[in-house]
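Note that the chains take the letters A, B, C and D in the order they are written out, and that residue 1 is the start of every chain.
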Amino acid sequence: MVTIKDSVHDHIEVEGAAAALLDTEPVQRLRHIKQLGTVHLVYPSANHTRFEHSLGVYHLADRALDHLGIDGIRAERLRAAALLHDVGHGPYSHNVEAVTFRHTGKYHDDVHELLASGEVGEVLGAHDLDPERVADLVAGDGQYGQLVSGELDVDRMDYLVRDAHHTGVPYGTIDHERLIRELTFVDGELVLAEGNVQTAESLLLARALMNPTVYQHHVARIAKAMLRRGAERLLDRTETTPTDLRRMDDHELLVALRTTRATSDLARRLRTRDLYKRAVWAELDAVPDDIVDADHGAVSEFESAVADRAGLSAGSVIVDVPGRPSMTESSSRVMVSGEMRRLGKQSPLVSALRTAQKQQWRLGVYAPPDVTDRVGRAAVDVLGLDLDGALVSDVRPGVTATLDEFTGP
Amino acid sequence: MVTIKDSVHDHIEVEGAAAALLDTEPVQRLRHIKQLGTVHLVYPSANHTRFEHSLGVYHLADRALDHLGIDGIRAERLRAAALLHDVGHGPYSHNVEAVTFRHTGKYHDDVHELLASGEVGEVLGAHDLDPERVADLVAGDGQYGQLVSGELDVDRMDYLVRDAHHTGVPYGTIDHERLIRELTFVDGELVLAEGNVQTAESLLLARALMNPTVYQHHVARIAKAMLRRGAERLLDRTETTPTDLRRMDDHELLVALRTTRATSDLARRLRTRDLYKRAVWAELDAVPDDIVDADHGAVSEFESAVADRAGLSAGSVIVDVPGRPSMTESSSRVMVSGEMRRLGKQSPLVSALRTAQKQQWRLGVYAPPDVTDRVGRAAVDVLGLDLDGALVSDVRPGVTATLDEFTGP
Amino acid sequence: MVTIKDSVHDHIEVEGAAAALLDTEPVQRLRHIKQLGTVHLVYPSANHTRFEHSLGVYHLADRALDHLGIDGIRAERLRAAALLHDVGHGPYSHNVEAVTFRHTGKYHDDVHELLASGEVGEVLGAHDLDPERVADLVAGDGQYGQLVSGELDVDRMDYLVRDAHHTGVPYGTIDHERLIRELTFVDGELVLAEGNVQTAESLLLARALMNPTVYQHHVARIAKAMLRRGAERLLDRTETTPTDLRRMDDHELLVALRTTRATSDLARRLRTRDLYKRAVWAELDAVPDDIVDADHGAVSEFESAVADRAGLSAGSVIVDVPGRPSMTESSSRVMVSGEMRRLGKQSPLVSALRTAQKQQWRLGVYAPPDVTDRVGRAAVDVLGLDLDGALVSDVRPGVTATLDEFTGP
Amino acid sequence: MVTIKDSVHDHIEVEGAAAALLDTEPVQRLRHIKQLGTVHLVYPSANHTRFEHSLGVYHLADRALDHLGIDGIRAERLRAAALLHDVGHGPYSHNVEAVTFRHTGKYHDDVHELLASGEVGEVLGAHDLDPERVADLVAGDGQYGQLVSGELDVDRMDYLVRDAHHTGVPYGTIDHERLIRELTFVDGELVLAEGNVQTAESLLLARALMNPTVYQHHVARIAKAMLRRGAERLLDRTETTPTDLRRMDDHELLVALRTTRATSDLARRLRTRDLYKRAVWAELDAVPDDIVDADHGAVSEFESAVADRAGLSAGSVIVDVPGRPSMTESSSRVMVSGEMRRLGKQSPLVSALRTAQKQQWRLGVYAPPDVTDRVGRAAVDVLGLDLDGALVSDVRPGVTATLDEFTGP
């Protein structure tokens, strides 16, 4: 057994297959991947890594299994999946995931291949764990997969608390102990026991507040878009393959960007926080549908067209179109008066949060600070934005810069 | 200057009139009044007092004044009001406020009389502060009164964080530092500056989660109802006057209840947590309007009728009818795109919270554990409750007791 | 099973005999006894009670038993002892213990009689636990008694962390999780496992820093001495018996002091923090041996003599002589290079702490603020104090009042 | 003004020259240098950086200046020094400092050259601050330099609290607010005001406990020694100059080690935590004086001789000789009874800490796990160690591995 001191959960005990997995390269590599990617450019203390998060998820999974009375090989498999759930992440976590996905067709939770071979495959084999089934759990499949990846998974419970601890933003401070204790299986579904409507709501609310404040802070989004642009160029102009890229860690990506001519300016800007600024920051209603739904190729063309209109070289404009606010209903389940109810049915807050999410959606157009004015005007024309009340640029006259601007040097 | 160590805000510096007010009996008395009354019967660590809370409110007011650039006599008056804002509380804070109000016509924030005389009046006078104007601020009157009592007041900022610290329930953990920093006056209204929709929402959400989990926890409500019953009997059957009652502290009320024959059983039950249980716990839709809107006299009659029907002596049944969920719109104001907006207009969460509040409303009927069954049936008849799906009693067969039951011995 | 939310250990699960003991009057009574007595007059947030502390001690005992692999009836007995370890406390915990001891010959950890009868005796009997053996554990007897009361007991681990949380003074923040995990029995002795010299030292150091800063803060000592004086008068001049006194809770003692003519002034002073002040504050070297070793009777005579010399009525002077700094060696044991060593042998810090403790010893003479000058001079004469550099009175000219003065209104 | 959210101090406001300095490359570079170097291999959450620490030191300096009543250009200079105090650090902070010092003659606090030119020099000039004088403050020179670098400096106050927050080890949790408030200048010396002997002791004790537990944890020491060895080889076998090395950040050093043939194995080991183990771990008394005092050249020769004797290639043995425990007296000063005293005179703990420090001193000999046995025996011979009770190797039979072994995967 290994005992590890953690800043969030204090002592974490790791044993069995998980203890052996700890020493493998794919798990140790997570020490070098920041949990929140570019968010540290907004919240300087947010330097925690996927490694400590993975330990936390393992720990909460272990506690949940204990409360649920699950043991034996099933528990061993789940604990392994919890520890391994993030080994599929590329450098800077979600920040370059879109790039690797376009080229490899794999998101970070598609780890069947990764687990089947190498050190991890060997350790799993030595402990009689089927890599295929562990990878299924990581993907959230099956009854028990819900614990690792689902509406009430231990992944979210760990990251909310951990991100709050390391950013200093208290909104993620949920009652994870209570959540773990109240989990139960009813008819094969993971639900919260009777008396926990507020417990379930609190989890949703924590995420709803952390999202705009931390995860989607506009400065983090700008830096992320710049990083993505850099990663694309690495693939286009160097011999780096998509698979190489996916297996890099943060150090390797940063140094690769610095030492590649086509990306060295982006690298310098990211390193010294000399970032692009917002030329456009438009609400959903102001953006034509075809822009909102544009694919990567179309967005690239928009970027070129905007740069052209502004008299700039291609590549100095970034158009950042987030996915359409997801309208999936919250499928968290909670027992109310003896029956299982979807939280979306039970709680008026769920649909309000969907509306809020739609309100918070923003299209961003970013460019170097000295040309945002020009780029902003060009983008409005090219993209056919409906300006009225919708444009909030960093340089928009008459608008006091928001506090967000000031949060983080 | 006096420097005081606080468990929430670390060091608090008190100076000027406030430092002199600290030594007066009405302020020192707050050391003996629990901030959360009977909540400590659910959350055993919740023994914090109105005294430390008053210091916290003073501290936050002082910081807010600093950020707002308010100084001089106006600031001195506000700081005094912040420190004094709770001196009008009776024993067990809000728990017996309804009783004293019925007899004195005064809520806890009506302190004109209290501030005008005695030690407090002298200190205010000696510092050239008009007691009348200080009492107005305590009541939330005028532009600056909003800071002490209003939608964005420092009272709430302190109690949410403090109650979270002392109960262990994390939902109240707001970003009070940011709230303070973002306060500003626009056209005489206290508002949050641009970029703070989430900041404003977080304050509402924290309260929305603390309410059912802490402040309105059913065990705390039962104990509170028993305490109120005890206080009424003290007034009815002893020489204690309403004014006497209002100026008691927690010790005095408890000992008075123990040493009075008519209340000694209630006192023993409260002391040893041998509380009444829920005979009925009915949702708003299940309760006829005339019951929801019944006044104190009517409720007393219902109690007698239920006891009678159940074959019990009057006094062994408590009917607890909370006020109708308040439909006042949230008047928090926040700047959005350069204009002042009411949060209720801006945020879809506000109306969702109103709906949630309505859902959480419960009529309670409480009785000694051995007769809840009988009392439940009697109450359903007498009150004309619409049972279907609405009755959730502590003893209802087939319903797993909720976790709430288990939270707190 | 009962699950209780605690501000320090989060969720505490209570089961078996302990769950039944929770509902008894002697345990519920601890809700009304402050953990730190008069310390809340210095640190206003220190209102936590013996009840929550007892739950915490139960919780840590349970975890320690788990780590030590102790279960069955032995574990049940230890858990009961942990929960009951403080039921022998009188009102205001240690503050009036000296008084009740003089009259009853019992300290708070002498609970054989208390556990043998009444509700507690019944519950223990119903769970096949011998009250005698449980009381032995509370007294620290036997191999397992060390866990409840000894150099490495869980009592201390809980109170240091809890007192830090509630006072805001961080010195008590030890790594209690590690301490629990490293406990082991070797040859019947409770020791810390290999590699824990610093862990053991940290526990001693935490206490060494909390002592002068919190537990022995001079303002708390003054209030405690006044409370003790009040308790003595209750016994002398009313029908209150020593046994009555010992079974009071804080409310009852406070109200008794207020309503008794001979103690009403003390009660008023304590309630409004209008305390006596130091007339003398003398180091050990400045005090003749016969004063340091004087018993209660002798001290009373000194008090009368000082009052007389100062021209005051008897009773307006308090002479507060702490016990001689205890020279017992630290008997904490820790494994070093495979052998069990006493920490006092292993760590140079232990003897340094003894020296520090001696340096911090102070004789106090207290009196109403307006007569401290007179009383100070009289006391120096009567007690034969060696003034040079040793007298530090609250009113001594030329000495800046210490920060301690300012800490707490 | 820039407001930054920090995980330790909450909101930090940066203004004036410091705000402009924030945007310079030498300050932004600190984002990429871990505060605790290899300690994250023991405590996985310890990924915080010199950047956030520098902000914290700036913040505490600003508060101290406020309390001390220092403003104007002197305060501006001190705030700049506080923010810049760590820009002289090489990659992995102190871990490779010995290497760069041997070649450049500069420790991290020698920044005269760095501040005089480039972006930092320009910003200082633009704000009328003399780089020379700012660099003097960084070096701790002059009356005000004590605030930045000295026994009571704000550097230490920040790092203790921050390291505790991020490692999870509570020993560093000092009362930094009180320390700041109690600072005062007497006769040009920075001292703690009357009544703060314990405050001063607590600072020393926190460091004394953090040292062996965190900063000098043997696993961190092993990794540090491996990193140092790698850095030396980079200088020996590549074109990297000492100045290049000093200006690298963590990413660059790691990637350079990975991509250089002579260091790639060390790099792989560091990346996957496949570290060398202790072959010898000897107390001071067991090590001949000439070994304790050996310089770098002599140690290199010992390493070769040990490797030779063990039949291994040069380079597979590391001899790690810490500096002799420093015997400088603690020069912290504190006011006692109106006079300034050195803490070393006043507190018996200071000399005890010196003794403890001597006891904790260990010579380490490290080698790949499969050869530690051989290397241990060879080292004992070659170095002439006095084995008796002094050798504690990772593989020593009969010694239970210490918990330290388990702390951290």
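Throughout what follows, a residue touches a chain if its C-beta (ideal position, glycine included) is under 8 Å from a C-beta of that chain, and two chains touch if they have at least 3 such contacts.
Source: prediction; values computed, not measured.
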Chain of greatest Cα-centre distance to chain B: D
Of A-D and B-D, pair with higher C-beta contact tally: A-D
Geometric centre distance via CA averages, chain D-chain C, whole Å: 40
Separation of mean Cα positions, chain D and chain B [Å, integer]: 50
Gap in Å, rounded to a whole number, between the CA centres of chain D and chain A: 34
Contacts with 2+ other chains: residues of chain B: 3, 10, 169, 178, 181, 403
Interface residues, chain B side, partner chain D - complex: 3, 10-11, 177-178, 181
Complex contacts: residues of chain C adjacent to chain D: 169-171, 173-175, 178, 181-182, 193-196, 198, 201-202, 205, 209, 212-213, 335, 337-338, 347-349, 351-353, 355-356, 359, 389, 392, 398-400, 402-405
Residues of chain C that touch chain B when the two form their complex: 1-8, 10, 14, 19, 22-25, 28-29, 31-32, 40, 43-49, 51-52, 55, 165-169, 250-252, 254-255, 271-274, 403, 406-409
